[in-house]
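Input: a single structure, listed below in structure tokens.
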Amino acid sequence: MSLWLLPVSLLLVGPVLWMAGHRAAPGRRRLVLGAGGATALAVATVGAVAATLASSTATYPVGAGLVLQVAAGPIAGPVAVLVAAIATVVAMYAARHEGQHVDGDEDGAGLARLVGLLVAFAGAMLLVVLADDLLSLTVGWELVGALSWALIGHDWRDADAPGAAAHAYNATRFGGLGLVLAAGAAFAATGSLGYDALGGVDGVALHVMVAGVLLAAVSKSALVPFSPWLFSAMAGPTSVSALLHSSTMVAAGAYALIRLQPVLDTAPWFGPVAIGIGLVTALAGGVVGLLQGHAKKLLAASTSAQYGLMVVAVGAGAPQVAVLHLVAHAVFKAQLFLSAGVAITAVGSHDLARMRLRGVLPWTARLTLVATLALAAVPPLGAAFTKEQVLAAGTHAAAWVGLLVAVAGGLSAAYATRFQLLAFGGARPDRPSPRPLVRRPARVELAALAVLAAGSVTLGLLWVPAVHESVVTALGATLPEARPWELPASLGLVATGGYVVWSLDRRGRLGHVPAAASQQAVADWFALPRLVRVAVVAPTLRLATALATVDDRFVDAGVEAAAGLGERLSRLASGAGELTIDGMVRGVARAGTVLADTSVRVGERGVEQTVDGVAWLAGRAGQDVRRTQTGLVHQQYVVIAVGMVVVLATAILGR
Amino acid sequence: MTIVTVLLAAAVLLGLGTWGVLSQQSFVMIMMGFELAINGIMLAAAGVWRFTSGGAPRGQVLVIVAMLVMAVEAAIGFALVVAVYRARQQDTTEGIAELSR
Amino acid sequence: MTGLATDLAFWTFAVAAAWFGWRVFRTDSMVRATFCLLASFLNVGAIMVLLLAEYLGVAMFFMMGVEMVVMAIFMVAFMMNPAGLNPMQMVHQPRAAVAVGIGAATGLAVVAAVADLPPAALLDEAGTIRALGNELMGSSMLLMEVVGVTLVATMVGAVVLSSASGRYGRADTGSVPPLLDPDDPDSRPDLASADGQDDAHAGHGGHGGHGGHG
Amino acid sequence: MQMSMQVSHVGPQLAVLVGAVVTLLVAMFTGRDRQWVNGPLALVALVVAAVLQVDLAGGPAVLAFDGLWALDRMTAVGSVTVVIATGLVVALVPGWLATDARHGEYYPMLLLGALGAMVMVAAVDLNELIVGVVLSSVTGYVLAAWHRQSAWSVEAGMKYFLVGGLANIVLLVGAVLAFAAGGTTDHAVLAVTLVDADPWLLVPMAVTLVVGLAFKAGAVPVHSWVPDVSQGAPAPSAAFLTVVPKVGGLLALARLATVVPIDASGWRPVVAVVAVATMSVGTLAALGQDDVRRLLGWSSVSQAGYALVALAVVGRSERAVPALVLFLAGYAVANVAAFGVVTALRGRTALADWSGLARSRPGLAVAMVVALLSLVGIPPLAGFASKFAVFAAAIDGGMTWLAVVAVVNTVVSLAYSLRVVAPMFLDDPVGPVHVLDRWSVVAVVIATAAVLVVGLAADLVLSGATGPVLPELP
Amino acid sequence: MLTAAIVVPLLGAVVVAVAGRRWSEPVVRAVGVATTLVPLALVVAAWVAFDPGSDEAFQLVTDVEWIPTLGVGYRVGVDGIGLAVAAVTAVVFTAAVAHPTEMRGLAHQYVAWFLFLESVSLGLFLSLDLVLFYVFFDLSLVGMYFLISRWGHDDAERAALKFFLYTLLGSLSLLLGIIALGVSMDPITFDMRAIIAAQPLADSSQAVAVLVLVMVGLGIKTPMVPFHTWLPAAHVEAPATASAVLAGVLLKMGTFGMVRIPFLMLRDTFADASLVIGVLAVVSILYGALVALGQDDLKRRIAYTSVNHMGYVVLGLAAAGSVVTGHEAARALALTGATVQMVAHGLITSTLFLLTGSIWDRTHDYDMDHYGGLLGQVPLLSGAMILASFASLGLPGLAGFVGEFQVFVGTFAVHPVLAAVGLLGILLTAALFLQLVQRMFLGEMPDRWSSLSDLTPVEMATLGVLLVLTVAVGVAPRLLVDTVHAAASLFVGG
């Protein structure tokens, strides 16, 4: 079985499913889509497991000596399994959950498109994961980006969704250019794009390549300064977010760093820079999460923060730790988004201030608690283990790094608590739960939550030394050794974070959407989006409009001016009889008239007159020329005489 | 009488003819200008033949050719003057300026 | 003739030729102008005799004599100012004309004065007419044949243009361009201002009856 | 190089002369209704001339008639061009002059005009050359003024004459200067003696000779007759006069270029400046025209300028003369085709009247487009091959800048050509369009076909014209 | 075989122009389409007969004398590059002729001009003689002039005139350069193979001037900034099918000419000027994209993207010719990329223009602000447009990506900074196409379009063929790329 089947089959099944769902009877559509999508992805999951066990590889030549390569290696294989598995759950959920709110389109064609694209999206992500060369990586990368555009802009009739989708795509595509750059550097240095050859890259090419990959990863994983696109991406349906944030798209950035870490690390500046970016993102994301009032945006900020932690691990030289955290994060983050989706459809709003659904959605609340605890990194959940390992790895790089990771952990505990309390906390007298509910979760949706919660719990096995050692060995590495102070400090910060939020809530000071403009700005990624809009997008658009005008008016004006000159010369040439002395006097007088005449005409017809061209000029010239002409032979004699003198002068001078 | 003096005289005649051609309005007077100019040319040709060509026979032929030019153009010129006068009752350059632009 | 006599004669004739040449354009009467021109030619003819080109000089006398008489008759017959009865000056762009005339004369005079013209005097002073005869009937025979053809062409052309009557009545009948529309006698481009008057562009606004100007 | 004096060496010219005499006699002694016979008679004479000329071309280059007459490749191809152009014009005449009482005399005039140009092409003696110029001029004045009752026609003839009179004086001055500098009028001797001549004579000589012959070529500064004749003269005359004297004048200049010491006389800058001025003035003036015939006239001026580009590199590139000959051949057929269309359309000249011609007379419209595009130089028409050859010669001869100027002018020339083409194809017809007669249409068809043939078989002309240009320097 | 590919459409044009007057419109169109299939088949046959593994760059050569005095011949033949471009030409013409449009009762002339243009275009891409190349180069202007002026809209006549004048200036400039190359050979010849082998101007002081002349001529046609201003005017006024041919095929003449003449025949000089050309290419890339982004007129926007996309091609060429030896792999990749980009741009842009034609026929409106939300009303049309847009912005799996990736990766080895700056063009392209899609097809739909009809079967067929090929080149580029790469390797290796 060719490894290509994994990504390609999903990329093909997606459109097929879309068509099938489109054709299916309305009543059976959800079933067809849910079953079809989940089955395809489940099969892919099994296939990924098989491929991982067999360490499959495959190649596909695309000419000019370039070859696409995929390999289910020790890192790629498990992540591929993860991607397929999470996508299976999300697809199942999506088929039931989505498509409710489009008026008159209940269950409509939109859902078929959504599920179809989700499946294809997973396929594209599998290509990213399995890629064994920069070209395959780029291909998968761009496909993921483009499909994310379609998914985020799913509600295309909506006024905002298409713009948000474009924002997300443009932002990540900008980073994606880094991959092309990296590919160029690699090809220039080694004549090949395969990962195995990248070790041979050195010198300037190495720096360019590392910078390119880092740029790509930072943009894709929504690290600072690219984080805001993730907020825009919230315009997409919840299940899209769930998939996007957990195991695909955003994960692609961190994954690329993990996968290429051995090569990247040969650039001495890579580790510090990655750590720096990771930490800044983790801390800033934490703050944003603490202030956000939008359910999904809170989670989005947390996503950035968590990927920041993974990048810290990669920068600290522990990609295996980052993989573990990636897996743990994928599981709980998918669930959190699915839960948020349930909550949002339940109240018909994204506003955290209007939820507190424990009373009405007890099971959802309970299941969500598992994920929230994982986010907060509370042992014995697996996520806590992986976060501690990040901390350990960070400490290996420098103690302050470890410390800041711990602080970030505290922040995540805080916003996790905040999310849980606001979304699924118990009803408070001052903020009654909304009734009646717009919609209750279906069983399938709860099942999806349950499966993911079970996954989070299962990952708790990582605390067992035998388990995590074997896992890490499978990844071909070892775990960083933890300092004794780390665990207590970290747990202490987690507890502090959780407690502070909890106590705020007790005092009724939680749940306010930040009122102050400054807070609002911080919640909106420190006003980074506005900065980008003001500093990048608007100037670009303004430049574009200006250039378009310039292009019309001035670049072309040279051509048009030449035409105008031709007109004047034409009059002069055919009116050469004017060169007599008498004629010149008349000519001067006439020039005055023409000037006056022209200025009147310009006044009358303005721009139209000035921008006119060859064809038009010819039309007018006839009239004017007739007036300037004499046709008198004796004047022609003077022309002949002058001509003789000119020719003679040329002969003498040019001899 | 040297080549230079002959040529000077020829130049004066040619200049006078050119002046006439340019200043006269009437076709016939312009033609007189042509003839005067050719007059000078013939004088010059004869002078060159006499003094610097060693009497090359073709010099004399050149004078005859110039004479031919003069005669032929005079004849055809008169015919044209007649034709123009018949068709348009005009005999000056100012009178024939319809073809212009 | 001695050198001095020759020089004196040359200068006399030369000044006279120039003087008469100048008078051509300064008289009021075309007939007088014609005879001034003739005088100029005769003086040049005389210089040619001095230059030992006797044949050319004599040819000049006769040819120009006849031509100028014809011209004078022509003046009387056709021109608007026959015999110069009404004194008139018909000139234009006088300054430009003077400038060009002086320029041409000066230019050529400078060439004559400055150019290096190595003297190569006549070899056989007595045989110039014979030499000319030999040339015309010898190596330049083809030339004279073409000259003959040219004269024929000139005669035919002059007759065509000037003769009003031919073998079949008026000879300029129908000597007009075809009509654009055979049924519309006004449809001729050159009729747009056919009167031949100075104000050619003024009138006939309603003209152009052919279907062209839609 | 051999010297000889065989009558057969002027056989083609004799054929034309005999044709002229016969047609003159016919014109004088047959009734008005039978004067059309002159058309076929003239054609027979021209065909005989062409056959004889082609026959002569096979032989070696010789100087005949004591060095008056050059029989070389340039003479051959140039004369054949003259003959063919004249033949095409002959076909335009019967319909155009049908009403004229002096219809018959037109043919001898035409043939003598052609003879004048042929003399100019073959002359290797300044006297001979000037006589040729006079023959060509004198017939030209008559042909231009042929419509004695048309104000336009006599005006055109008179203006042609007035400019020509002055130009011929200039040419005579040049001849005298050459005689003074070289002691003879014989090209073959001049080529030797002028080498040591004083630049004070050579420079004015070059200027006056070029300007004098520029009149025949319709080049600046003695160009003003071209548009007048194009517009005012009978259309067949216009076709003839914008083509045949041009061939004669330019080829005569090409021959002179092999005689005159090029560098000492300033010949090259003189020709170059005349070329630049000619193409620019012609092109720009044509740009504003609303009168198609006048437009064609100005275009004809500009074409002379392109030809002068080739002339400017005679002596520097052996491709110059063949290029010039090819250019003239291509120009001749295209211009005759264009004027042929005008003739076939009964002299239609206001641009507005040409609207929608593609619908009312598609065949003639296509012919006009082909002719105009050929004049612009669009492949694969004759104009392309000839401009290509000219540019190649210019670049080969190191005068690329002249080619650049020509290119710029070519672009502008497209603009005025399209001003004619666009209304023909894009606008609606404005009224009935009458056609002159069948013969004019036949002439247009043949000329248009020739435009294509010269374009595709340019090598025939080029290789035909490649060879020594007499008199060669010893 | 190649000659037949050139002659058959020409004969078809004559037949249709003469006999088609009496045929009905569908018959004329059917005959036209059938005629275009012949050269298509012949090009495919040539592709099959072509041996990419051979050391001979030019194959299937016909060489007949034309003007031997000047060394001009009728010489045709193909290499991998010419074959690729010729193939896309044949395809685009079939689609353009078949694509329905308003023919104003002059179907026979319309189809005849298209066939004429096809003959000319194929002739250009197959010619191995500089003069023959020029002949076709120039004739393309004539055909396009009549198509634009006769079947364009608004101020078509003026736009056509401008197009003709401007590009004629370019082609004449090219002609001078060509002649300079030809006369520098001894004996004079315009045989491309001979000139490529001889590199006649390698040590000449004229070389720079010739390069400038040639590059200006080809740059106008391509078009490169700042010689592009004829393009938007011509495109906007032209009928969409003509725009498709203009953008899809005629623009390639410029870049194809750059491969043939400056790149192959002026190697050393081109290498010296490579950086300048590359900078101009990058300027074209960015400027074209930015100006396109600033357009509110659908067709103008697409027209300007051509400036951008052809900039990639020129950049690839500049990189491929940047040195005479060294970096062979990267330079071959850049040249391959440039050629593949030509093919891709031909397919994609003609699709886009045909789509604008379909829109124009329905609405007579190109202002994007007047649209919105069409996706629901005309899903097929919208879908096709979105797919083509993504292809144009370089989505992997579609044709546009292949060439762009190869160009940039190849360029990086020799001009890394240019490659990096040029990459921004890709981002801008993405932005402008997404914005286009968003403004036209997403969001709320104005009521007046509620009776808009979706693509007809014929339109689906023409667009379908182009889009299928776009996908095919994107997914399985090897057939195309290896053929091109064979030629490219020979050319850069030399």
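Lettered A, B, C, D and E in written order, each chain numbered from 1.
One rule holds in what follows: contacts are C-beta pairs under 8 Å (C-beta built on N, C-alpha and C of every residue); 3 or more make two chains touch, one makes a residue touch a chain.
No experiment lies behind these values; they were computed from the predicted model shown.
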Topological distance between chain A and chain D, in contact steps: 1
Co-neighbours of chain E and chain C - touch as defined: A, D
Partner chains that chain A and chain C have in common: B, D
Taking each chain's C-alpha mean as its centre, the one farthest from chain C: A
Closest chain to global C-alpha mean, per-chain Cα centroids: E
Centroid comparison with chain D (C-alpha atoms), farthest chain: A
Pair of chains with maximal C-beta contact number: B-C
Geometric centre distance via CA averages, chain E-chain B, whole Å: 63
Interchain centroid distance [CA atoms averaged], chain B/chain D, Å: 25
Averaged-CA centre spacing for the pair chain E and chain A, given as whole angstrom: 32
For chain A, residues that touch 2 or more chains besides their own: 574, 577, 614-615, 622, 625-626, 631, 633-634, 637-638, 641, 648
Where chain E touches two or more other chains, by residue: 157, 161, 165
In chain B, residues with contacts to at least two other chains: 14, 17-18, 21-22, 25, 44, 48-49, 52-54, 58, 61, 65, 68, 72, 76, 79-81, 83, 86-88, 93-94, 96-99, 101
All chain pairs that touch each other: A-B, A-C, A-D, A-E, B-C, B-D, C-D, D-E
Touching residues on chain D, where the partner in the complex is chain B: 125-127, 130-131, 134, 137-138, 141-142, 145, 148-159, 161-162, 164-166, 168-169, 172-173, 175-176, 179-180, 183-186, 227-228, 231-232, 288-289, 291, 294
Residues of chain B defined as touching chain C within the complex: 1, 3-26, 28-29, 32-33, 35-36, 39-40, 42-44, 46-55, 57-58, 60-61, 63-65, 67-68, 71-72, 74-76, 78-83, 85-95, 97-98
Chain D to chain E touching residues, read off their complex: 319, 322, 373, 378-380, 384-385, 388-389, 391-392, 395-396, 400, 403-404, 407-408, 410-411, 414-415, 418, 422, 425-426, 456, 458-459, 462-463, 466
In the complex with chain D, residue positions of chain B that touch it: 14, 17, 21, 27, 30-31, 34, 37-38, 41, 44-45, 48-49, 52-54, 56, 58-59, 61-62, 65-66, 68-69, 72-73, 76-77, 79-81, 83-84, 86-88, 93, 96, 98-99, 101
Of chain D, residues touching chain C in the complex: 10, 17, 24, 28, 32, 65-69, 95-96, 98-102, 105, 108-109, 112, 115-116, 119, 125, 127-128, 131-132, 134-135, 138-139, 141-142, 145-153, 157, 173, 177, 180-181, 183, 198, 200-201, 204, 232, 234-235, 345-350, 352-353, 355, 430-432, 434, 436
